[in-house]
Amino acid sequence: MAHLGAELTEVAEGRVRIVLPSRPELTQQHGYFHAGATSSIADSAGGYAAYTLFPEDTEVLTVEYKINLLAPAVGDHLEAVGTVLKPGRTLTVCQLEVFGVQGERRKLVANGQQTLIRVDRPATGA
Amino acid sequence: MAHLGAELTEVAEGRVRIVLPSRPELTQQHGYFHAGATSSIADSAGGYAAYTLFPEDTEVLTVEYKINLLAPAVGDHLEAVGTVLKPGRTLTVCQLEVFGVQGERRKLVANGQQTLIRVDRPATGA
Amino acid sequence: MAHLGAELTEVAEGRVRIVLPSRPELTQQHGYFHAGATSSIADSAGGYAAYTLFPEDTEVLTVEYKINLLAPAVGDHLEAVGTVLKPGRTLTVCQLEVFGVQGERRKLVANGQQTLIRVDRPATGA
Amino acid sequence: MAHLGAELTEVAEGRVRIVLPSRPELTQQHGYFHAGATSSIADSAGGYAAYTLFPEDTEVLTVEYKINLLAPAVGDHLEAVGTVLKPGRTLTVCQLEVFGVQGERRKLVANGQQTLIRVDRPATGA
């Protein structure tokens, strides 16, 4: 996240929003964001969304996700929205959406689904 | 790919290998590679594997992929292998594997499946 | 569909609903619908949803889908909803939802995402 | 499984094979197996493969799966192979393959990936 320059802009229970401004290293020759950047913020948005539902001493790990890249990821920034579809004691399932935003224009560029597992963090941190 | 520091180390028909050396920006506090890095090189390996089967004036785009993160992605480098399972005139399906490599130790850390579409590149480039 | 006893109960542009009444052959010892039945109607709902957007002489085939089985599929019937997320000339992506319905109670039991391809049907049929 | 007429023909540690003979109710107008039948035996093959690795008093449930339908599922029978890629105390990941078999001809018609969860079965059965 920090490496990419992404930022958490909204945190609600079971739903978070991440914004990733366009930067030359994140885009290819046509100015599109790389699929890797799109997927990364989608995955992170789901992880944070799940995390909002758990106590602080737990960790949430991605088990798997599936993502469809629906359209070229263009815009002055990408916006990823992670939404918990089904919370669980062990497993949580999230919906992932990524929008390409250019001024007033906001277009769905990727859509996915993700499974996460809750892990109790060791008491001593690390 | 270039941004991440990844390198194509093997290119055969329908199969490529990508190596990504560990770097502080790619890893988190425990020294594990970020899921985003793991997924990115998996996706790229599949894309290049499909590309080896097509004429030069075509482009290959990821339609979708699904990836399971099986184990912490540790090692001095990651190795992603993309293998074409089913080539096609329009759609191609690849298997994606990512290994964490530390000296002699090589462990499967992620496994995925990907659908790609072949697009004829406009003659004038761009 | 006919084999399972499922029925199309709602057809709108880009969205269809399929209902599958419970029957002993479709359920296991606990009265839950088999995962196979749940997945089949989800897949069909997406296929029909895509089909509503195309001319009659085209065919729509499932390229792939991913489904999360979120909860035991209980109820006197299942209801599958397929919704087109992104239509396309070649590929269409749908969201798949399956609900277990028992009287007034309606619970999301499965959620998925599907990619379909449009194929022009040969003029002579067959 | 019984409903479909499928049969477990091979059971090894972490790997099982299921055979589904062609029957009119399982095929469509062209003689292809329905996608629902293909997916069902793929899902079952993965479930049984995982189950071979666990003690008898445990149950294995499908969390999710993703399947690519690579080619029309033709043949006098389908053969589904489930192989454990990564066993785990809680989660197990399997590869799923389905072949269409006609005499000597054996063709990969579907390929998938599946996540399963192990659940301790209550001592009293039910």
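We call the chains A, B, C and D, going by the order they appear; numbering starts again at 1 in every chain.
Everything that follows uses one rule, which is that a residue touches a chain if its C-beta (ideal position, glycine included) is under 8 Å from a C-beta of that chain, and two chains touch if they have at least 3 such contacts.
Predicted model only: the values in this text are computed from it and were never measured.
Copies chain B and chain C of the same chain sequence form an interface built mainly from equivalent positions, shared numbers / all numbers used being over half. Seen from the Cα centre of chain C, the chain whose own Cα centre is farthest off is B. Chain A and chain C have CA centres that are 27 Å apart. Centres computed as Cα averages put chain B at a distance of 32 Å from chain C. Centre-to-centre separation between chain C and chain D, using Cα means, comes to 20 Å. Under the contact definition stated at the top, the residues of chain C that touch 2 or more other chains are 63-64, 66, 68, 93, 115.
For chain C in complex with chain D, the touching residues are 3-4, 25-26, 30, 34-37, 39-40, 43-44, 61-69.
Within the complex formed with chain D, the residues of chain A that make contact are 63-64, 66, 90-91, 93, 113, 115, 117.
Residues of chain D that touch chain B in their complex: 66, 68, 70-71, 85-86, 93, 95, 108, 111-113, 115.
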